[in-house]
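Next come two complexes built around chain A: one with chain B, the other with chain C.
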Partner chain A sequence: MSGGDETTGVGEVLVRVEGLRVGFGGGRSGFGARSRASERGPAVVDGVSFEVRAGRSLAIVGESGSGKSVTARALVGLVGPGSWVTADALEVDGISMLGASAAAWRRVRGGRIGLVVQDALVSLDPLRPIGREIADALRLHTTLSEAGRRARVEELLESVGMPEPRSRMRQRSGELSGGLRQRALIASALAASPALLIADEPTTALDSTVQAQILGLFETIKARGTGLLFISHDLAVVSRIADDVLVMRGGRVVEAGTVEAVLGDPRSSYTKALLRAVPAGVARGVSLVARGGSRVARGGSPVARGGSSGVDIPSESRPASASPTPARPTSASEGMSTPLLPGSGEARVTSASEGMSTPLLPGSGEAWVLEVAGVSKTFGGLGGRKAVDGVSLGVRAGTTVGLVGESGSGKTTVARIVLGLTAPDEGSVRLGGEAWVPGRERDRRARRASLGAVYQDALSSFDPRLTVQQILSDALRGQGSVEGLLEEVGLEARVASARPLQLSGGQRQRVSIARALAPQPSVIVLDEPVSALDVSIQAQILDLLDALQRERGVAYLFISHDLGVVQHMSDELAVMKDGRIVEQGPAASVFAAPSHAYTRALLAAAPVLRTREGGALAW
Partner chain B sequence: MTALIGAEADVRARGGDGGRMLGAAQWVAIAFLGLLLVAAVAPWLLAPGDPLAIDPGEAFLAPQWGHPFGTDESGRDIYTRVVHGAAPSLVIGVAATAIGIALALVLGLAAALGGRIVDFGVSRLLEVLFAFPGLLLALLVITVYGPGVVTSTIAVGLATAPGYARIIRSQTRSVAASPYVEAAVVLGRSRTRILSRHILPNAVVPVFVLVTLGVGQAIVWAAALSYLGLGAEPPAAEWGAMLFAGKNYLATAWWLTFFPGLAIVLSAAATTVLGRALQRRRPQ
Partner chain C sequence: MGLRRAGRIGLRVLGGVFVLWAAATLTFFGLRLIPGDPAQAILGGPGSQASAEALAAVRAEYGLDQSIWAQYGLYFSRLLGGDLGSSYSLRTPVSEVIGAQIGGTLLLAVLALAVAWAIALGLAVWSTRGGRVAGVVGSGLEIVAAAVPHFWLATVLVLIFSTTLRWLPAVSTQGPEGLVLPVLTLALPLAGFLGQVMRESVLDALDAPFVLSARARGEGESGVRWRHVLRHGALPGIALSGWAFGWLISGAVVVETIFARPGLGRTLLNAVQLRDVPLVIGVVLVVALGYVIMTVLTDAVSRVADPRLAVREREQERVS
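Right, the complex of A and B next:
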């Protein structure tokens, strides 16, 4: 390795922060009033202290609005305009950065501290080859010659696991896949051999198999002696990568310690609630919010806390909402004999369900509410991409079928075909035993009431001019009251007068669910319904969906990229890859004994909370 | 001890602070438009005299006490004429914009919702109209139908329609493709219901912000046509016509053209300032 000051020994303190406080703006009063230090806005990071040592990784965990990203940005002097930053101590390499000049910060950034952010697509110049981007960082922070830089770029790309680095360095970021792009960004952050690498949600936008690779890369980087400050909302990711953990909430440190201590034996109720909220490995029907044997209760916490942090975790004093009941039997036993496929012996059922028994036909005792038979869809005309290729699956009344796959696997196209929004090229969909797709929209319209939909981005699915009251009464068409509907999804009646824009993410998704429920559907298609939510809100929404299913007997087609969520929610499971279903069957058996190589790869890549593997935990 | 780190400085509020949009300029604009409205509805409140009364003995008086804006070649009080000229100018401006928007709504909605063939036809028509400068288009209409206040109003309306039509078309298309329209389809809503409940309000309401901008432009165009002798004709108290009448005395009696010109500029500026403020108020 050239161009580096690789002098930092393992264990040396790279960054030390004490009493960090960050806030934005101040009260702007009237014309041209300049706010002074005395009229600062409230602190969004309040009294945070930590240190990062060489060869170790510190993870800052928190939900949106917890101040974790702002904390990381304060370390590189990039909090942004209109902000104020104070600290009792802020040292980089033992040198105090209190009151440091812009030039001093520039030397630190890229030179001593590298920064990797979530979205590599916007962080890399789309018009320049990645090799040139990385060479720029070298030009600023090293004295290498042109040829030396090129060699170093190649070396860097190789070290981050970029295949064929020599040809890749001539490609632009748009020509690379998400994983390769993230590798390129990491390479440019590592260019000047920084002692510390700050990674802000570096894997959140990535598919789980790619995420696993990138996490592996971070482990390698750490093993080489670089310190790592990892910002994440994902506890499973943190449990894999971190040595030390800092749990933040509302700008304050709630809990800090080694990863074993914090995740294995959490002290604060907030950390415990966060850990409980992780759905992976939690049996079907068990509440995520109020775990401990109790059943899912609908409520959650209904009202947003003034839009402050969006953290809606009920306090520990909250009584367990219902009497302990054994979790609903999962399909492991009952499901074995009733594979997912509605039509008999259809093609493309993979070994898992094929091997077990004859699939049941619709009408043979089982109530199929939704049957998808061999649908295909190609986009872009002849020679276009086959987004969906012969997909067949069936949903029985009152059950959940999980459809899991990575981005681009065709899951959303399946959802749109089922909803009658995209016409399939081949195949058909039956709803409630009757023909549904293909068909004319005019004929479908009257039966639309029995099919609901919940979308990932709830906000954009609401007409921005309408209030919650109007949205829901539109959906109800006089069949029931808005208040009753709101209560059913755990929202207070006064939410009705708000517009969706004024609600928190969790509240919006509740309204979205209420709208889908309003016409009394027999099946709801949920397309990534919790992907955009914080883990604690996600837990509440999953609990709500579970409770509603039990009360109303509504069936779900639950589409997600998140194996943990799907495992928790589904009776049956279908795994999609490149437009095909590669494996399907009872969820429990697919998870226990995946038969397809891709399913195994997905399962292996899915980040799992390490501590949970140890068995029973104190909480 | 707590020390300050880095640049605290620039505490200016970041963009998108939706609330207090009305600054001094906006209030001045509102005040001026209010005055203009009074002048249009009840001009005698501001100028009790007769705008057409001539007094040859008092011709070409420079601005002075009793005649704040001076008098013209026939001794008519220019202040009175400017005040009384507000009504025709505003009516022409508003009416022309209304005509333009109405036509644009028909064309834009037809293009956006009428299927590919209609869209193709309307879009090409708009492109042809766009190829002409707006004023030239207005002149064309006047050449065909003869000069006059009504024709020049219609002409200006027609000339502004293509611009509005394009905006309405693209706005309607994006709303029609939005997730909330799709959500309404999934709920089993009929096409007409979706159109009236979701598409029209969301596509058209933002356009009315543009209207405030358009009125100012229409006033200028209408004045331009009158100046060319194609709209209102002297001795009518209309700003463009007053400019036309005064242009021969530009070197000797500047006030004949200055004050009507100022009125045109201020009206256009006031509507534009207000229109921009409204535009910024709307998210997106």
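Right, the complex of A and C next:
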């Protein structure tokens, strides 16, 4: 019968784990490889203990490589081929799953524990209707007839907030938006009414307003008495959803406790560094890595490099100085729903002094390095979708304009128009006071050096066969040395001989920043430059961008969906929705007093690091 | 968008017409490059002692005394009227010859395609299920099968199943048992090709997040394969089937000859040897038409089987 028929009291222990160790067999792991103890590779999860109770939520926090996803998958026996799992205890509903048969695991999966795997966008079979996917769980765990399953699927979709469930269940995941795919995936995990729901980074790929809806859904699920195990790297999300927190690093638990204790009064330096790395609410120009009052170092070493190297290993994220001095005047905004007010004292006051009224429209006499005037672009011919609709903005020398919007808002199309990669239907772009777009590429080519670009996916923007040395010397064209450039972006000279695939995500993004900097541009277009990075790496990259701007006076057009990042980086801000700019102005004033309803909705939806009592955290 | 869809279909049809025209034209001029006198061929081949008057009469009758361009124009104007002409060697209308032969070849090709599909998919799914040994064996078998030439495979199969085991006839008979060896000869190399691409996509699908998601729902190993992986594995096979059809027809030339089966392939071979221009062009046109139809068909099936194709097309339009 349905797993949900078994009564589960609130507070009952659903899963108990003690001394969990997981690793992948030495050598190549093949399908069904049985590793003997002697062949075992190193443990990626090393001695983790916790329990999850009905109606409570536990969040496992950590960066990539911390072992948090592997831990979650060990609970359903799905670590993967060639792996080994040991534990002092691994109990589901009080029954030990150590050495459990494949059939026993299949009954647990979906029946007692639902798993929402990472990356909602690709976690439903693209060839099957979502209704079938959800019904599969019912087919496997209940005795419902086909008609009964269909009715239940509709109910489930309704309960996860899917609009028009009856017609949606016949659609395939490709026809659904990211948020709806995540809802369908959650519905499939919940189908057989498991007592525990594990969600691995369930909001990571989603826009902030959608993210807020999904988090609300999880709260509802928890309120129904289902236990929640939440895997996330996003502390703001965790602070909203979790009762208890487990901070993992390198396979070990660094810190554990209630959310108030761990996020409000962190004991370990790693947790503190993680909290510091969250950019939301941190004033413009304040270093995220070495936060403790000081600005980003101006000359010499632009980033805190943790002493040893430019390699983005987690140890880098340790604060250079261990002084736990509070840097943010966060207590001032205690209890506010939108504590995104800029820090007062340390904010660079560029925006405030430069005219509040119509700050972004290119006007007279000012040093505009980039002027976008009324650009529009429609895709798909007549009657097609207007992706960009009359967008105007200007970037002054040495400043940053943040362009924020959700997916599909047209912000990347604006970037492509600015870069001269997509021709606008209307409007023009001027670069350094001279016509840039529309125009012939042949005329633009000589001036391409003054416009740089950095993309989210650094890896795919490199030729994988070239070494860093070759990539950068191509970009330099004999003007300056590769070593100097590497040093400037905080990388060691030995990185030059590596190929992009051999670098970490943070290192790759540093190389792509170096490449953009090489021809001495006056503006760099940054399209989601830190969205794919861990918080601590993200903090380092943001610090680096800040320092480079200070040293070189380069201007940025900073495109992101992440309000916290944009707030921290921007002097001016433009908010895009459905191809239009709905609000623009100095970043500080837009965040403090948003005038457009959409901006207010965005701000309200952005997860904010706070304890459940509503107060902002101070530490 | 209906308009765009109509445009796409229109383009496809135009492309198909172009392929047919190109096939007929290339064949027409290609046959002129073979040394020898077509009039001689009409009168019974090089060995016949045709008189000069007879040759001249034939040339006049078939228009062979005109310039090559005039002959080309004459031939095409007839072709547009639906007249494939009549065979030089058989003295019957080409359409009749083809009509009599096409059934056997189509049956052979369709059966071979089906058998190749079954072998390829089975091999791909089986060899990705077992351990590493099964994987190596599977991919090894595929490579060997794909590399084997038809005439050699046919000879080996005959040696084993006809000469030694005496299970099956070496020469094609009317009954179904006569079809087994020709079908296998055509299907095995094709299964090797298809299996290689299918294995790749089966492996990709097995690693895909949606499979993990299915396992997390409690789906077992066979459920994962039947409900999820099999479809993904089949997709590249569908896309390749149009190409495979053309490949099977050219294979039929060899197979029909070896097994002495009547069919288009053998007719084509004979017609080329006899310089029977109308018959060669007729067969080539029919084969090309079949190829065009199969390509359009597999395209349509691909789009039904994989709804993402339409989405991707739309996205590509956006980017360009």
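Observations on the model:
Going forward, the second predicted complex is superposed on the first by the 524 of 619 C-alpha atoms of A that agree within 3 Å, B and C clash if a C-alpha of one lies under 4 Å from a C-alpha of the other, contacts with A are read in each partner's own complex, and residues count from 1 in each chain.
The working rule: contacts are C-beta pairs under 8 Å (C-beta built on N, C-alpha and C of every residue); 3 or more make two chains touch, one makes a residue touch a chain.
Note that the structure is a prediction, hence the values are computed from the model and not measured.
Superposition of the two structures on chain A shows chain C fitting alongside chain B with no clash.
When both complexes are overlaid on chain A, the residue A:267 reaches neither chain B nor chain C. Contact with chain C, but none with chain B, is seen for A:124 once the two complexes are overlaid on the shared chain. After the chain A superposition, the centres of chain B and chain C are separated by 30° when viewed from the C-alpha centre of chain A, nearest 10. In the superposed pair of complexes, A:379 makes contact with chain C only, with no contact to chain B.
Between chain B and chain C, more residues of chain A are touched by B.
In the superposed model, A:107 makes contact with chain C only, not with chain B. When the two complexes are laid on top of each other via chain A, the two nearest Cα atoms from chain B and chain C are 5 angstrom apart. Shared contact residues of chain A with chain B and chain C: 31, 102.
Of all the residues in chain A, the ones that touch chain B in their complex are 19, 21, 25-26, 28, 31, 34-35, 37, 74, 77, 79, 81-88, 90, 97-100, 102, 105, 419-421, 441, 444-449, 451-453, 455, 457, 460-465, 474-475, 515, 519.
The part of chain B that touches chain A in the complex is made up of residues 1-8, 10-14, 17, 23-24, 178-180, 182-190, 197-198, 201-202, 205. Residue ranges of chain C in contact with chain A, taken from their complex: 1, 128-132, 208-210, 212-220, 223, 227-228, 231-232, 305-308, 311, 314, 317-318.
Residues of chain A that touch chain C in their complex: 30-33, 76, 78, 102, 106-111, 114-115, 117-119, 122-128, 133, 136-137, 140-141, 172, 174-175, 185, 188-189, 191-192, 379-380, 387.
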